[in-house]
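You will see two complexes here that share chain A, one where it goes with chain B and one where it goes with chain C.
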Partner chain A sequence: MSATSGVFRVVDRIRARLEGPNTIGNSRGFWLGFALVLAGAFAYPTFVSAYQAGNTALFLLYGLLALSLSVVWGYAGILSFGQVVFFGFAGYTFGIVSINLGSTLGVTLAIPVAVLIATVVAFLLGYFMFYGDVSGVFVAIITLVVTLVLQTFMAQTAGDAWTVGSVALGGFNGMPGIPNLAVGTEATSVTFRGGVFYWLVLSALVVSYLGLRVLVNGRFGYAMVGIREDEDRVEMLGYDIRRVKLAVFTLGGTMAGFSGVLYAAWGNYIDPSVYSLTFATMPVVWVTVGGRTSMLGAVLATVSIEWFRQQLSITGSEYAMVIVGLLLLGVVLLVPEGFVPFVHRKVTEFRSDPTEGIPDAPESPGEGAAE
Partner chain B sequence: MVNGINLLLQFLDSFAFIVLAAIGLAIIFGMMDVINLAHGEFIMIGAYGTTMTYNAGAPLPVAIAAGVAVTTVAGLVLERTIIHRLYDRPLDSMVATWALGLALTQAARILFGNSLNSIGIPLGAISYGQFSYSLYRVLLAGVAIAVLVAAYLVFTRTEFGVRARATIQDPETAAAMGVETGRMYTITFAIGSALAGLAGALYAPTMSVVPGMGSSFLVEAFVAVVTGGTSVLLGTTLAGGVLGSVDALLSNLYGTFVGQIGLLIVAVAILRFLPTGLSGVVETVRERRERDAA
Partner chain C sequence: MSSNAPDPAGDPNIRETPAGKTTGPDTDTLLQTQGLVKEFGGLTAIDGVDFGVDEGELRCLIGPNGAGKSTLMKLITGRHDATDGRIFYDGADVTEMRSHERVRQGIGIKFQVPSVFEAMTAFENVRLPAQRVVDGDVRERVSDTLERVGLGGFDDVTASDLSHGQQQRLEIGMAAALEPDLLLLDEPVAGLSLEERGEIADLVQELNDDGITFVIIEHDIDFVERIADAVTVLHQGAVFREGSIEDIRADDEVRRIYLGGE
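For the complex of A and B:
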């Protein structure tokens, strides 16, 4: 009896950290559904082929990239077109280090090195922007320009001059032969491929999601959301907003970087298309469509949109980007808060007494996120 | 001596490219705080309009006029249907115009294929010493200066310019004084679109006309707008001058890519140390001088 009440107390304490005004889904019902979906997602590779599981793993690792933008843009209000910069940096670094070292231990080492590089790049870029008082649309422009310049750079690295150790950067041809993700030494190691790789990506995604929930519902998260809503006021309250922004931006870089490592290991390949305008757009599309203030929405939108894009490209249709563009446009114009917050608001309004719902309306999460 | 001429021509080329690529974007941003991320696609529309008219048999000047006209109409339609809904949401207007750009690029690919037959650079070349240089490219520098002068005259000497500047400074007071600010925004957006179309039309003969061509203008255009600061025409001119020198020098010595990297670094440095941009510095100096004189 006391054991079960102890378990309940622990569950309640965990829930208290995960829940708060900054996330959607703060009820027992939500967590029940979450656990069910999660169980289904973990069981998924046992029902489908290894190829299919690997394919879905791609969507999930994109989900991690989407989360990185969700926290930077959706919560701290910093629109970045540059998440793919950190993604690409980490992917390329993982390739360079792991191929050069060439052993299982080398691959293991390449993971933290690649994530660290992405983090440092994000920190430096963020330092120059936020400590230079660059904000709003200018951050978006600078991150976009960095992406464009990197694409130009990587595309012209085809020659022999551009090799790091034994690895050629390869220009448009890209960098083939990147090993699968592995952890361990020559003697004992785990290599992640097929279903196992899928489980790794899914776990990373779930851990990131829960971790970010704790973050945004804590003191730091309140500061972030405060900056999104009104920078000056948060500064008056004594916060160093430049530091908060830099911290969030760097965290976003780390997450995007890890996603990039997974990507390079997933396809055993990386090329400059990770810096292309099309790919730079996708995180913005995922997060806008799913809902900037909902991390769950970002992930759901990522998986649905990428699945849809893949279906279209399999059937040879050229309309994918037209449809994605129009979808993004439609969401900005008609459902600016994004689908998940929109559905959540409608359901809440429908459930609660209409006279009670009206005074609450201005506080719905989507309203303030417009800027 | 000859190298000096090389460098001067390269500078004129960079200056023209930066000014023409940026001016449409800068006018729209300066007037209504909207960053038009479909700017590159507007340039692409201008280039497509020009190339297709030319390929249909029209002379080049007519084709250029057609390219500008097509882009202006496209800009007007998009402003009335979409962009005017987003004037008070700067980041959303960025995302929306970005979405528009995506759809337009792919639509161009579906409708017109992967590339158009190019026009070829007209007017031949001027030679000096052992070098020669395209006369058309030199002419573009003249056009860039003419565009700046024309825009200056429109914004300072015409009824429209006065109303437009009143709208920039204080939209509410301007509206109270009888300026239809909504119409001002529509007209400004059309002018910005026309200038983007002009950039595309003028550069159509010099590059391959493909759906994604707009992105090759974006780095220069964005960097110029970011570094130019709040005063649009002064800012664009200064950005063209400063960035043009950097770009010309670095491109001449090390190639196009280093030129672009140089632009990016200069842009970040300017933002870091001159938060009001290049035009802000000039205005501060001017104000200080006026204060000292008084």
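For the complex of A and C:
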């Protein structure tokens, strides 16, 4: 009996760290639903083909990219078109290092190296922006410009001059032959492909999501949300807002970088289209549709939109991007907060008596209700 | 230390500054500006201000619109960079420090327009400053602070649902939660009822009794009379008069430029 109560106490303590006003879903019901969906998601590869599982893994790794923007933009208010920069840098780095080293151990080593490179790039870009007092729309412009400059640069790397070790960057022909993700040595190793790759991506997504929930509901999260709401005000409470923004931006770079590694290993290939305007815009679309202030919304929207896009292109429709554009327009005009926060608000309103929408404030000592 | 301020006697708009005020930072002086100048393009908003506040003092800053009161406060908090002159706080030169560093030195501010985080609850609003200075559990500090500013029990109320007066008190609470040594309040009772003004006055006096030094910009002269130890009159970007409220009220020149000869 005491063992059960001990378990409950541990669960309560974990929940206390995961929950707070900065996240949607702070009830037993939410976690029950979350566990059910998660169980279904983990069981999914056993019901479908390895190809289908691998295909769905692509949507999930995009979900990780969306999460990286959700925390940077949705929570800290920094609109970045540059998540694909870190995604691409890590993808290319993973390819260059893993192909050059050409062994399982090499692939294993390439993972942290690629994520580290993406993190450093994010840190440097963030440093020059935030410590140069660049903010607001100019961050969006700079990150977009960096993305497009990289596309232009990578597009002209088709010649023999552009090889790193034995690997050609390849211009628009891209970089083929990137190995599957693997961890271990030649003797003992795990290679991630098909359903196993799917499980890896899903685990990374879940761990990132839960980790970010702890982050945004903690001290740092409050500082981030404060900066999103009014950064001057937060500075006057003694916070070094440049440091907070740099930290969030760098974290976003790390996450986008890991997502990029998964992407390069997933398709065994990467090319400059990861720096294209279309791809740079996609994370912004995913997060806008799902809801900036909801990490879960970002992931759900990513998976739905990408699945839908793929269905359209499989059936031969050329209108996939037009429809995605219309969806974005519709969301911005009709549910500007995004789907998940919208649904959450409606459900909350429906559940509570409308007259109790505003909690009854106790009388203040002086009761100076002038207005 | 000698002042590098432009000679006030050279400016026809400036009458003599009060006698007995030294301009160098000394032990009792918590805040001291020396020859502070702020120019916006061709406009000189602050024109060689030597402004000092002693520890524990409750000083009010008055003057007509455009006299430079808010600009002076923004210079002290680092929202604006000074064109010339120095700012000393607690003996240290803070002129080049960024805003958040000055806050960490002990300077708190409440802005003119209540700038609470409207989407957050009262509790979260106070949590943001409290968590920066309190290690471990901040709940006690937040609850104490809310209690203190008369918002006990309002923890879960969203700030946008609070009345204007309650928002003003919440913002004072946010600044007070940082345990500042100096608190700058820009028009804390603007737009409040007489009753609410009384509450703010009581609150300010309580905090002052606890050792917080205040500089308060306020147009409401009755409020100023009730709380101020001393008053500084700014006019056209310079210190026009400094002294007790009685002296200021009796001053014909001050009445002419500001008080309107009431």
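Structure notes:
Keep in mind that, in the parts below, the second predicted complex is superposed on the first by the 357 of 371 C-alpha atoms of A that agree within 3 Å, B and C clash if a C-alpha of one lies under 4 Å from a C-alpha of the other, contacts with A are read in each partner's own complex, and residues count from 1 in each chain.
Going forward, contacts are C-beta pairs under 8 Å (C-beta built on N, C-alpha and C of every residue); 3 or more make two chains touch, one makes a residue touch a chain.
The shown structure was predicted, so the numbers you read here are calculated from the model rather than taken from an experiment.
By the document's definition of touching, of the two partners only chain B reaches A:Ile141; chain C does not. When both complexes are overlaid on chain A, the residue A:Gly325 reaches chain B alone and has no touch with chain C. In the superposed pair of complexes, A:Phe153 makes contact with chain B only, with no contact to chain C.
Within the superposed three-chain model, A:Gly226 lies in touch with chain C and out of touch with chain B [touch as defined at top]. After overlaying the two complexes on the shared chain, residue contacts for A:Pro21 are found with chain C alone; chain B is out of touch. Using the contact criterion defined above for the overlaid structures, shared-chain residue A:Glu235 touches chain C, although it does not reach chain B.
In the overlay built on the shared chain, the residue A:Val284 is in contact with chain B alone; chain C does not reach it. Between chain B and chain C, B contacts the larger number of chain A residues.
Residues 370-371 of chain A contact both chain B in one complex and chain C in the other.
Against chain C, in their complex, chain A makes its touches with residues 21, 219, 222-223, 225-226, 229-230, 232-241, 358-359, 361-362, 364-366, 368-371.
Chain B meets chain A in the complex at residues 33, 35, 37, 82, 85-86, 89-92, 94-96, 98-107, 109-110, 212, 215, 218-219, 222-223, 225-226, 256-257, 260-261, 264, 267-268, 271-273, 275.
For chain C in complex with chain A, the residues that touch the partner chain are 77, 79, 98-100, 103-104, 109, 111, 115, 117-121, 124, 127-129, 131-133, 150-154, 156-158, 161-166, 174, 178, 192-193, 195-196, 198-199. Against chain B, the residues of chain A that register as touching in their complex are 79, 128-129, 131-134, 136-138, 140-142, 144-146, 148-149, 152-153, 156, 277-278, 281, 284-285, 288, 318-322, 324-329, 332-333, 336, 370-371.
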